[in-house]
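Below, chain A partners chain B and then partners chain C, in two separate complexes.
This part shows the complex of A and B:
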């Protein structure tokens, strides 16, 4: 009897697993469908024996690996919390945007309350519409300025105001600034993405100063120009000193300061060897040292001699010759206003180069020296 | 040129020799015409017969449209004029970050990994699928930030955004 009870329990157990119903009462001995499992049943009965159950109920046989006593609860997947609606839907139009977007961050579609599209759609792609802000990676790539709205800038300014001082009086225009601060120091800071803020290029320091602001006399200016070489720009009157020899900006700044100081002091000095300056060393055309002066003196002397020895039409000769003594001294000739005019014209022609005005001036000066301009030719 | 002589019949050998010395083969050249050099298929997805392949916006734009209809995935100062410092390091780090993100957020990244560098800060963004619990996502975000900032020796910020469905990323079907 015990064995039949167990068999019924097994059958019921199989029925539960297989999904079809088998009815067997306490008195029915076998059901045909269960025959295939006979060996299994036999084995199970031997192994675990019958289960004590009340007579009124169907018996249940539990076979390890096949049936489990009470049906095991299937592990239900935890339901995900419902995602709240995007934040922009709850935003009021009166809100403070600076507290919504306080600092720089990537574009967030759920926070930005206005509709925006980014992208390019051809023909029927995306229904012919550029992609909207939702799930748009293009919007996340580009830098945005939602943290730099006018409201933000106002707050920044208000926060920084306590560190600011008033603009000094008397420095309203650029000219005033140049007068009071003639030296311009140029340094550069390089901002790149890097774990280090050091940059080798930021060591370079440039000093710029106008020579006219250094209060140099002619000799000092000339000497300084010879010392600085091509660091001087004649068009703008700017002297530029660039230092990049030292590894640090501060060191280069100190070196440039030293250079500028030394240049000014050295230029103001006059060394003994500077007296040995020759014509070839002159920085520009000086008429008094040149051959032109000698030629002029000779010409005047020659004209004067011809005037005395030969019969010449006095109406055609220049008037100043009559006023000169027979053997004029050098100073007498040089001090003549016509000669001074000639000297200026020649000097200008050499120093400024040939152009229409200098050549015309030279022509007029020569005509006045050699001819009586007022007389008809 | 060596020729393997392993033909049993002399006729075949002669035929092979004829092929080798064929003037048509000898005059094969490379084309230097500009039009022929153009390779427009590189980096583009192949069209299916039934248009059943979904593409994101990023994938739909060919590489030569970078800077025109789509922008770069790496934003840094390496490509600036006369910028030579740390350009190679930046590139190698970017590759590493991408691999790290794809491995950490496995099967969750729906967009490309976008790496934006500002001063010493690295900002990593991307669109994620809501495949794991939020607390796990937050853990991975913090884990990524901490580990990457230790490895790269600079602060790293991960700005993630989730997308409800993978289908939301589809721009077109090809």
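This part shows the complex of A and C:
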């Protein structure tokens, strides 16, 4: 115990007048008085220093906050490091960008040395204005191509150059490539981080070939088109065969080769049943086989008959009628330039599809056949 | 202007008389104001100079030749304006030009009016019918080709040709319409039939019976009306050239003759009859072949006369279909465009003139547009 060093005292309750507490030292000398325990002890401490009340008499009342213990050292706050200015402020315009941004990474506002804005500010002072790059999450979400600048590409090319061979002579243009390599084979390989190196999608093989490079005649081309259906694209003249029914790429490649070979060979053949082709089977409008020809011949025939039987004002009828013999043969009518024009108009109307221009061409052709357009009214 | 007037005053030798000045002022006023009306009411004289202007159809003509076939709005407006005016438009003048140009001893020429919905095909047809009517043509008008397909009230199997369907009420109605339209001309021509028509065991029309009598029979015995229409059309077709009267066959929505009706087939109720099975349509289809002469065939090609699944385009080949096109080939298609700017302004001015548009702001807007 610290009794020898510290002053000891006796707290006597109700000893003083009017309910005051007295604090006396060990030899019963008066030290102080107060109304509460706390006050009396505090006064005593102020007067005589730390006190200790002996065990055999009273326990020392220890009141947290009032009973003072040994003084604790206050912890000093750790000093924060000074934030350096963003890196872009120190960049020189001569720097090597490829070393600043060597590989693909998401946007870093402190590294990108140009002002850029992205996103949308709502219910703020600057509403409607895209926020700047500082701490801009929108810019981090989108992919950037800062790792694929021309300088990067140049470096990539330079690095790869030692693995390349010279471009073959004679294949400078796309046309030359197409003539020498008419068949395009498209396959895909997939490399993913997974337990298996197999990927079902890599079995698919696509053959693309221009129909003009297959050297087909009219019949063969028509037959091939009927066989391939919608695999042919008329705008680009491309035939596309995609095979995916076999499990391996090699098998599908062989199958596509087989298909292309079979298609070419079959379309070059002319089967006996192809002679049974009717008008409904025609791939396009052939005027010679259609009703149009019959009705035209008939109306020319009618007009010619009328011309002989009735009193006709020859100024009002088209001139070619006068030049025709009385009973014109079919070839004579068909070979007339006006009829040829009409034939072309009808054929175009059906083969190219109907629009105002084709209908107008048809109208002009018919007008020349039926009316004497040049005659004055 | 002012300086010019002062100069006039300064040189009394070149000074114009008051009358000259007045007529000049009137002229310039007319030039400034777009003229939307023409006093040329005879469609035969309409040329491209009258395009975009309205001409007034005399009430008796309107009643005779335009009783049917125009849009409902046209009749309402004719009623409200107490006059009937049509705009002279390019398709009609072009078609009238062809009709004047054609040689009528030759087989008939088929003309087809085509255009978008509401572009004025039927109105152009009415204009041309007015022309033909005033020229003394016999007019056979089918106001709406799809009418027989859609709104037939009483359909009976044909006695004359099994498999075909008669529509006696519609046939009688059409015959009445035809007779009303050509009443004076028919009495004047006094056509007599050249073939014998046997209706049943007791009733028949001998050679030489007046056509009027045959029609009277058709209207009295409605059961035979469809056959009588066939007979009347056949006689008109045969006699047009020898008797020397011109015939106009005008069909609005001619493509309906190759579409389907909504009359179900008796044996198989899932199927519907083709329009060609209707005897009336059959007779009209014969009229639009070019195997007769001294006449003209004018049809409008209207997608709305087709079934609902065949209305994607308004162009004639599509709307007619393969069969219809082959039937009418060769024909002269005539495009009916929508209103040009000039025509639209003219129409607005006409409405303002007729007090159809009364808000003063209309006039301001119109004058602004004209600038």
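The working rule: the second predicted complex is superposed on the first by the 211 of 377 C-alpha atoms of A that agree within 3 Å, B and C clash if a C-alpha of one lies under 4 Å from a C-alpha of the other, contacts with A are read in each partner's own complex, and residues count from 1 in each chain.
Here is the rule we use: contacts are C-beta pairs under 8 Å (C-beta built on N, C-alpha and C of every residue); 3 or more make two chains touch, one makes a residue touch a chain.
Because the structure is predicted, anything quoted here is derived from the model rather than measured.
By the touch criterion defined above, A:199 reaches chain B but does not reach chain C.
By the document's definition of touching, of the two partners only chain B reaches A:126; chain C does not. After overlaying the two complexes on the shared chain, residue contacts for A:312 are found with chain C alone; chain B is out of touch. When the two structures are aligned on the shared chain, A:282 is found in touch with neither chain B nor chain C.
Legend: residue contacts after superposition of the two complexes on their common chain; A:136 is shown touching chain B, with no touch to chain C.
Within the complex, the chain A residues that touch chain C are 290-292, 295-296, 299, 302-303, 306-307, 310-313, 316-317, 342, 346, 349-350, 354-356, 359-360, 362-363, 366-367, 369-373, 375, 377. Those residues of chain B that touch chain A in the shared complex are 56-58, 60-61, 68-73, 75-77, 80, 83, 85-86, 90, 110-112, 114, 116-123, 125-127, 130, 133-134, 152-154, 159, 161-164, 168-169, 171-172.
By the touch rule above, chain C contacts chain A in their complex via residues 97-98, 100-103, 105-107, 109, 114, 241, 290-291, 293, 313, 315-318, 326, 329-335.
Taken together, the chain A residues at the contact with chain B in this complex read 78, 80-81, 83, 104-106, 108-110, 119-121, 125-126, 131, 134-138, 140-143, 191-197, 199-200.
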